[in-house]
Amino acid sequence: MRDIQSQPANHSVHLDKVGVRNVTYPITVMDRINRWQETVAKISMSVDLPHQFRGTHMSRFIETLNYHRGKITVRSIDDMLQQMRERFQAHCAHIEIVFPYFIEKEAPVSAERSLLEYKAAFIASNCGETDIILRVEVPVLTLCPCSKEISKYGAHNQRNDVTVQVRMNKLVWIEEIVKVVEDSASSDIFALLKRSDEKYVTERAYENPRFVEDIVREVATCLRRDRRIDWFSVLSQSHESIHKHDAFAFIEEDKRSASKKQEG
Amino acid sequence: MRDIQSQPANHSVHLDKVGVRNVTYPITVMDRINRWQETVAKISMSVDLPHQFRGTHMSRFIETLNYHRGKITVRSIDDMLQQMRERFQAHCAHIEIVFPYFIEKEAPVSAERSLLEYKAAFIASNCGETDIILRVEVPVLTLCPCSKEISKYGAHNQRNDVTVQVRMNKLVWIEEIVKVVEDSASSDIFALLKRSDEKYVTERAYENPRFVEDIVREVATCLRRDRRIDWFSVLSQSHESIHKHDAFAFIEEDKRSASKKQEG
Amino acid sequence: MRDIQSQPANHSVHLDKVGVRNVTYPITVMDRINRWQETVAKISMSVDLPHQFRGTHMSRFIETLNYHRGKITVRSIDDMLQQMRERFQAHCAHIEIVFPYFIEKEAPVSAERSLLEYKAAFIASNCGETDIILRVEVPVLTLCPCSKEISKYGAHNQRNDVTVQVRMNKLVWIEEIVKVVEDSASSDIFALLKRSDEKYVTERAYENPRFVEDIVREVATCLRRDRRIDWFSVLSQSHESIHKHDAFAFIEEDKRSASKKQEG
Amino acid sequence: MRDIQSQPANHSVHLDKVGVRNVTYPITVMDRINRWQETVAKISMSVDLPHQFRGTHMSRFIETLNYHRGKITVRSIDDMLQQMRERFQAHCAHIEIVFPYFIEKEAPVSAERSLLEYKAAFIASNCGETDIILRVEVPVLTLCPCSKEISKYGAHNQRNDVTVQVRMNKLVWIEEIVKVVEDSASSDIFALLKRSDEKYVTERAYENPRFVEDIVREVATCLRRDRRIDWFSVLSQSHESIHKHDAFAFIEEDKRSASKKQEG
């Protein structure tokens, strides 16, 4: 059978990325408390393609994934990227793994335990050396400082999804990012709250009003201080209970370049 | 060219529905205030298929749609269903049209005007006579009565999507359903609120706490009284600000059958 | 603290369902080959609420889930439903568990093994006795018989999602539903195909053209014969490669009632 | 009432973007044939926020939108960005408008007319001067060259979504991007095809096999030549009919920098 993919391309165009997307795959990720956690990921894998080749052999991406049997660590991601560069004779290899991650939380008063879901992702590339971004999406509660200030009683509050991305030079745990974000919110949230807990969360949120801007600034201030992190971005998106649209704030900061943003 | 679809089927199985789905199409719908409103719909059209025929001529659904040029009224839906039954020699015809619908609202204090989006749908069938269900999804604000009662100050509140379906014997306007739902909530919501409005909405919600159960009951009580409505369902889904999951309540009631649910 | 939920409701309206939705939870399901499989589910749980009670204690749903620690079998679903009816003093309890399920498949020629994802769900109720519907969504390939017949060469083909629901009186495995559907399609699909496999799948699909109508009829004919199944529905939805919209066919059949549809 | 937003922030962190998201709004866009087209957009608007200010007055974004009443042109986008910079005293303003856009197409043989939906977007910023990216998503049909080559008959084919982004120094019409993409595919697609058209499209696709890589290269070669375009990206994503996952190829090219990618 002729190998059509290896034929020369008609156009001398070097492609940045060629690969597969939306591969659903069961994976095992590191868990700070329980060592390992089983979950299900959406995976994307790609390489660059020089102008000499018409196409890529897409089945090799799935073979690479099968070879590693879904065990996802910083080490195995590095191995997969190396293996992809070799097998595809590529300059760059990319892999993105998005998955729900569960942490057991204790309710603040009753101490009842339940699991909360966080969306996490590893976004990794290797064009010579491996670069890994960890992304964590943390759902929290925000109570509006303006609404509290101007109203006789009450204050509108709502779900807020905070998405943090960090480029690490040393391992940062998902649990650490979660803690930074939850500490910056009006309150963290829980799958299971008894009435005593609901009272606690309601009052705590009222005592700690936060704009989307406040959350991004508090999280950014923490991440700036952490030497394991070279670059980060923070997005806080509030599903406003008084509107149908969302409010958001965003920052991106590269510590390795002289940062024009650090005016403090 | 042979007409494969008209050949006999291998299996003597009568199909309930054969048709097209996810047809995106610009439509014009009736607007109570402005007479007409332009919007974009997702449309599904189908007919039943007797066991003698192998397949349906799918292009005829799009032809029917084009023939009516996207003008959607109770009358044109009826026409389309009749036309489908005739062209396909079918016993039943079905059409479902889902679309965003905009209503201009006035902020409660500043009277600033802005548009709010509601999701609406017509779900219609004809197996002899035409049956039309109007569905309206109304976003509102709910403040938790339990959280208010047990807390020293504040109360968790959040977005709540209320979905009402009514089977009508006489025209009911989208605007009427919206009003019934908004009156049942802790507060209705707006695209544009100045600070005086935000104060008003915050305080009003605090004064009117509502469980998902309360909303469904209040809406159901209104719909029971409306003689234009033969059947209805109400779903209230609260995007709990203290959880990552939703709370919901649901009722369905057919007034034409002796209703076992009306214990009052 | 006052128990607001247990207060009498303002309106004498009995609610059909009150509960939680979109609870993401790691679960373990039975696997025909490997005994157990770890996956992540979206869960909905509810009960009916008599008119005497204003609200439900939503945290008890999560407690029920935690008590069973995510082990999902026909037996544990039955236990959960019983437990819900007792704890909530409800007449009916409902639970819906939707999850990705993986089956290892062998490529048809190279015999290379890879995992394919199927979406599965248990939809269960108990209003006296337990009723369980198993839903399985199977992605397959369909090649259009009309396009093949009228064209000099080639035929349009595409992804087709077939959704089967069965109400069982005896256990039916997910793997059995998958086999019935894959045998009815132009070809089944795979995560990993080498070139020899791709040739096989391409030619097999060309030799086995199928309309959405054909698939639904073939699957329905198989399910009719299976005595473990009392009721079923089959939906075939084809993501037409020559259109932007989908084609679909649907049947629902209750074997326990005299079926007007069995004309054969 | 105190203006909480105008208070100094606790942290000296300059935020890149603060604003609103997921605002659904009816808009009117320019149409090359019919002059104007009514559609419904998802809109995002934001500005940067210096470290001196705690928060932004979010209602002003909606006021800006209302002021322009949904008329979207290159000129009105420029006006909105200017107005946002002034009202918010911001260095940068951003606006993103995503909407379905309809083009009436003629079937290739029968000449029957029908509407096809394309997703379009304007992504615009002003940090001194206005920069506008036009994004167009074009659904096409691709037939696999490898499958055709190795198989006795047939070839797998499927829907392919091609997303083009162009940064313009002069107006480029949505219709022009659509034409470039449709000419690069195995075939363009239609909402309405009679049997003679279906034969034509099937045969044309078989005669014009295309990998995702081929499409990206052909589109990129056209866009390189167009002097109105300073920068572009092209993504081709194929919903593989023989897999459950997608194949994709991607390129991004900035003509204003010496492009290392133009090896030809």
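Note that the chains take the letters A, B, C and D in the order they are written out, and that residue 1 is the start of every chain.
Note that in this section a residue touches a chain if its C-beta (ideal position, glycine included) is under 8 Å from a C-beta of that chain, and two chains touch if they have at least 3 such contacts.
Just so it is clear, the structure is predicted and the values come from calculations on it, not from any experiment.
Novice: If we look at chain B and chain D, which chains touch each of them?
Specialist: A, C
Novice: Pick the pair with more C-beta contacts: B-C or A-C?
Specialist: B-C
Novice: With chain centres defined as mean CA positions, report which chain is farthest from chain A.
Specialist: Farthest chain from chain A, going by C-alpha centroids: B.
Novice: Which whole number of Å gives the spacing of the CA centres of chain B and chain C?
Specialist: 25
Novice: Just how far, in Å, is the C-alpha centre of chain B from the one of chain A?
Specialist: Result: the chain centres lie 35 Å from each other.
Novice: Counting in whole Å, what is the centre-to-centre distance of chain A and chain C, each centre being its mean C-alpha position?
Specialist: The separation of the two C-alpha centroids amounts to 30 Å.
Novice: Send over the residues of chain B in touch with two or more other chains.
Specialist: Within chain B, residues 1, 23-24, 117, 146, 150, 191, 193, 195, 199, 244-245 contact more than one other chain.
Novice: Once bound in the complex, which stretches of chain C touch chain B?
Specialist: Counting only chain C, the residues touching chain B are 1-2, 4-5, 9-24, 46, 49-51, 54-56, 58, 145-146, 149-150, 211-214, 216-218, 220-221, 237, 244-252, 261-264.
Novice: Hey, which residues of chain B end up touching chain D in the complex?
Specialist: Its residues touching chain D are 1, 3, 23-26, 37-40, 59, 62-63, 66, 100, 102, 112-115, 117, 191-196, 199.
Novice: If we count contacts the way the header does, which residues on chain C are in touch with chain D in the complex?
Specialist: Residue positions touching the partner: 116-117, 139, 141, 143-144, 146-147, 150-159, 187, 189-191, 193, 195, 198-199, 201-203, 205-206, 239-245.
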